[in-house]
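The following pair of complexes shares a single chain, chain A, combined with chain B in the former and chain C in the latter.
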Partner chain A sequence: MNLTYFLFFICIVVCTLIITYWAAKRSVTTNIFYTAAGSLTGFQNGMAIAGDFISAASFLGIVGTIAFSGYDGFLYSIGFLVSYLVVLFLIAEPVHRLGKYSLGDVICSRFPGSSMRLIMAFGAFTISILYMIPQLVASGFLLRLLLDIDYSVSVLVIGSLMTIYVMFGGMIATSWVQIVKTIVLMSGTFLLSLIVLSNYNWNVPAIISDVKERSPLGEYFFHPGHLFDSPIELISLQLALILGTAGLPHILIRLFTVKNTFEVRRSLLSATWIIGTFYLMTLILGLGTIAFLGYEALAATDSTGNLAAPLLAQAVGGDFLLAFISAVAFTTIVAVVAGLVISATTAFSHDIYHMIWKKGKSTEKEQLYAARWTALAIGLLSTVFALRLETMNVTFLVSMTFIVAASSIFPVLLFTIYWKRFNRTGVVAGMFCGLIASLLLLVLGPHIMDTENGLIARDAIIPLYNPGIIAIPIGFLGAFLGAFLSGGQAKKEASYYAFFKKAQTGSRSRSDAS
Partner chain B sequence: MEETYEKILREKRRFVIIAITFAFIFYFLLPVSLILFPDTMNRTSFIPGVTWAWVYAFLQIIMIWLLGWLYHLKAKKLDEQTEQMIQEE
Partner chain C sequence: MNTQPVSVERKQEEPINFVKVEESRKFKNFMHAKKKFIVPLTIFFLVFYFTLPILTSYTTFLNAPFFGDISWVWVFAISQFIMTWVLSTIYVKKANRFDEMAEEIVKEQLDKGGNH
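And now, the complex of A and B:
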């Protein structure tokens, strides 16, 4: 690692640790630790949501996918973006009004009881961990490629940083690390896009003609169908993308960090503006990579295309810009995994330890103590897992998370908020049908079952890389049938009405409620 | 009081149902039209050098920003009405 890289890297580590130190001094109550006491503004939270959402897979992966597959890469990003409308219209405000710290709170505001809370906490915890470990593994490979440091060292550094942020700084540190990440990421990609465009004298048609010349797809580069050739895979992926975000616990708990529903809406609107602009810039970067470097040079360095953005940075701005973009990628990774650690921590320490085990009777001090130790344990365990998984390709789990979330947490939340006859059996049935179906389809699918390099060396039983089209209806059907067959709760209409009223128009702000 | 509340809720429900249905149809029509009418989608649109598939993809981003903003305006108005109703109570 040369000096430029090292300086950028140290700069980011020091800045985020200063944020953590500042946050640690303020994280003195559980309300501050879990939700920053609702103190963020809508725009700040929007930046933090974008920081939580745009993973290294999005940043580097989508640039690479656009460079390799053209149109289809861009199609991917649109799905991610549209999913925010589902969150905004259906889930965001009720979740903010009903919950205090976790998704367990949301479910329990309609169906109080330990078993309901346990199921929601289990779902949120599983999804966060399922998402975190592959992110850690991917980041290990990425840093090895970018900075030429050992896989284990990369994973250890990222694992310790995310644990320190959450353990000491709680939600405040996590939020501000994510905000800083968004600023760094947006300015980095903006700068790189400008350099690319200025190199072509702002002549977009010239870039397009260079792309056609230097991609093996030629004229067809701008045509769809190079990544998704099967209609069912395409629709299935789009379905998982549009519904997935509304079931991702680490995104949904961010809605507790602002003080009222006006700010909730502003958070999500800001997030869609930031993420949308970001994806437009990745398009420029993807096209720029092919126009500048050509397909062969990119494929020769890394067949996955993940290095497209860094290589482009090197080509247009030399080693200094490459070091800067690598630092951006590093910040991107730590911000996302920190968000996942706090989401898993809340599910365990608030829902399972405080509400279920201690029956809601532990003191503030005990709760904070438990939360910090939980963050440490989760951080350590995930790091150890990530270290052991070096030889296994688990990166496909990142895209699987959207399917798992869309088929388990999303239907349960949706029915709890909007369906009068929904009941406890429905919650259990929906959550388990969704979780089991999506995981089973993964095991029976071509990611795991593959005659050449799968974990199970035989033909896949369900030949779908994106099984969302089967798993999501199973989750919904499970929730529906569970509630329907166990008789519904028509007689409790009055209590549902009160609940629905609270979910839709409960106007007390968080600062009043706490 | 209960009537005002019902009215606010109805208005919100109507907006959300229309908006979300429109968003879903608009969103899924993109992959569906790519599958069903690949030739039309690959034809150059009214912008020279840009095919309909790209125009539609960019429209999706505009649709998200536009719908989000419309919802924001609507919800702000309804929130004010709710607040007023609670104060009158």
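And now, the complex of A and C:
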């Protein structure tokens, strides 16, 4: 590792640790630890949401996929962005009004009781962990490629940083690390895009003709149909992407960190502008990579395409820019995994420890103590898992997370908020049908069952890489049938009305109570 | 009753007649205005979003050039971005009005036990 890399690296680590120290002194109540006491402004929270959402898979993966597959790579960006409309229109404000710290709070505001909370906490915890471990594994490989340090050293560094941020600094540290990441990431990609465009004298047609020349796809590069075997696969992916975000617990708990619904909307509006602009820039970078380096040079260095952006940086700006972009990638990773640690921590220490085990009777001090130890335990366990998984390819779990979220948490939340006849049986049925269906489809699908290099060496029973189109309807159907067949809602109408008022108008919500 | 400041404690002790609030004209107007705005737009963006993959999967006419080297498929793809920005901006503008309506209902009806 040369000195430039080292300096960038140290700079980021020191900056984020200063943030954590500053946040740790302020994290003295559970309200501050879990939600930064709703103190963020809409724009700050929008940046934090973008920082929480844009993973290294988005930054490096999408640039690579566009470089290799042209138009089809861009489809991911569209799905990721449009999904925010689902969050904003249907989910965001009711979730903010109904919940205090966690999604368990949201469910329990309609169906009070330990079992409902346990199911939601279980769902949120599972999804956060499922998402975190592949991110850690991927980051290990990434840092090894970028900085030439050992896989286990990279995983240990990232694992300990994310644990330190959350354990000491709680939501304040997590939010500000995510805000810093968004600033660094946006300026990095903006700079790189400008350099690419200026190298072509701002002549976009020249880039396009170079792309056609240097990609093996030729002029078909700009046409759809290179990445997906069948229309079902493509539509299935798009379905999981658009509905998935509205079921991701680490994104939804960010809605608790602002003080009212006005700021919630401003958060999401800022997030859509930041995320949209970012994905438009990754398009420039993807095209730029092929135009500058050509397909062969890219494929020769790394067959997954993940190194497209760093290689482009090196080609147009030398080692210094490469070091900067590597530092951006590093910040991207730590911000996302920190968000996942706090999401899993909240689900465990607030819902399971405080509300279920201690029946809501533990003191502030005990709760904070539990939250910090939970964060440490989650950080340690995930790091150990990630270290053991070095030899396994687990990156497909990232896209699986969207399917699991869209088929379990999303239908349950949607029906809880809007459907009068929804009931407890529906919650249980929806959550488990969604979880089991998506995991089963994964095991029966070509990620696991593959004649050549699958875990189970045979032909896949369900030949879909993106089983969302089956799993998501199963989740919805489970929730619907569970509620419909068990019936018996009529006499509880008044309590539904009370809940519905709160979801729609915010009566008796946090603003009244404080 | 009108002269008394409404306190949080009182709200939690007296049961509120939520059914009555639900049936009140104001709340009905509020929900109607909200639905009239959210439902058509949600349907619109879902249809707009899924039209793109469906058209590119089963037809090829979007591959026709729009301008120079840029084909219609890119116009459609980028318009998804513009749609997201436009709709979220419209929603944020419109929702401020919903907040005011909700505020009124909370103040007038829920705080008074729904017997207004």
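Everything below uses one rule, namely that the second predicted complex is superposed on the first by the 505 of 514 C-alpha atoms of A that agree within 3 Å, B and C clash if a C-alpha of one lies under 4 Å from a C-alpha of the other, contacts with A are read in each partner's own complex, and residues count from 1 in each chain.
Please note the rule applied: a residue touches a chain if its C-beta (ideal position, glycine included) is under 8 Å from a C-beta of that chain, and two chains touch if they have at least 3 such contacts.
On a predicted model such as this, the values are computed, not experimentally measured, just so you know.
J.: With both structures lined up on chain A, is it a clash or a fit for chain B and chain C?
T.: clash
J.: Pick one for A:Arg421: touches chain B only (first), chain C only (second), both, or neither.
T.: After superposition on chain A, A:Arg421 lies in contact with neither partner.
J.: Contacts for A:Pro224 in the overlay, against chain B (first) and chain C (second): which applies, first, second, both or neither?
T.: Both: A:Pro224 reaches chain B and chain C.
J.: Now for A:Arg144: first (chain B), second (chain C), both, or neither, which partner does it touch?
T.: The answer is neither, since A:Arg144 touches no partner chain.
J.: Chain A residues in contact: does chain B have more, or chain C?
T.: Between chain B and chain C, C touches the greater number of residues in chain A.
J.: So, A:Arg26: does it touch chain B (first), chain C (second), both, or neither?
T.: A:Arg26 sits against neither chain B nor chain C.
J.: Quick one: classify A:Leu280 as touching chain B (first), chain C (second), both or neither.
T.: both
J.: Is A:Lys358 touching anything from chain B or chain C once the two structures are fitted on A? First, second, both or neither.
T.: neither
J.: Which parts of chain A are touched by chain B and by chain C alike?
T.: 71, 74-75, 78, 81-82, 84-86, 88-90, 93, 205, 208, 222-225, 231, 234-235, 238, 242, 261-262, 265-266, 268-269, 272-273, 276, 279-280, 501, 504-505, 507
J.: Along chain B, where are the residues that touch chain A in the complex?
T.: Touching chain A: residues 5, 8-9, 12, 16, 19-20, 23-24, 27-28, 30-32, 34-35, 38, 41-42, 49, 51, 53-54, 57, 60-61, 64-65, 67-69, 71-72, 75-76, 79, 82-83, 86 of chain B.
J.: In their complex, what parts of chain C are in touch with chain A?
T.: 8, 11-12, 16, 18-19, 21-22, 27, 30-31, 34, 38, 41-42, 45-46, 49-50, 52-54, 56-58, 62-63, 68-71, 73-74, 77-78, 80-81, 83-85, 87-89, 91-92, 95-96, 99, 102-103, 105-106, 110
J.: Provide the residue numbers of chain A that touch chain B in the complex, in ascending order.
T.: That would be residues 71, 74-75, 78-79, 81-82, 84-86, 88-90, 93, 205, 208, 222-225, 231, 234-235, 238, 242, 261-262, 265-266, 268-269, 272-273, 276, 279-280, 501, 504-505, 507 of chain A.
J.: Using the touch rule from the top, collect the residues of chain A that touch chain C in their complex.
T.: 71, 74-75, 78, 81-82, 84-86, 88-90, 93, 205, 208-209, 212, 222-225, 231, 234-235, 238, 242, 261-262, 265-266, 268-269, 272-273, 276, 279-280, 493-494, 497-498, 500-501, 504-508, 512-513
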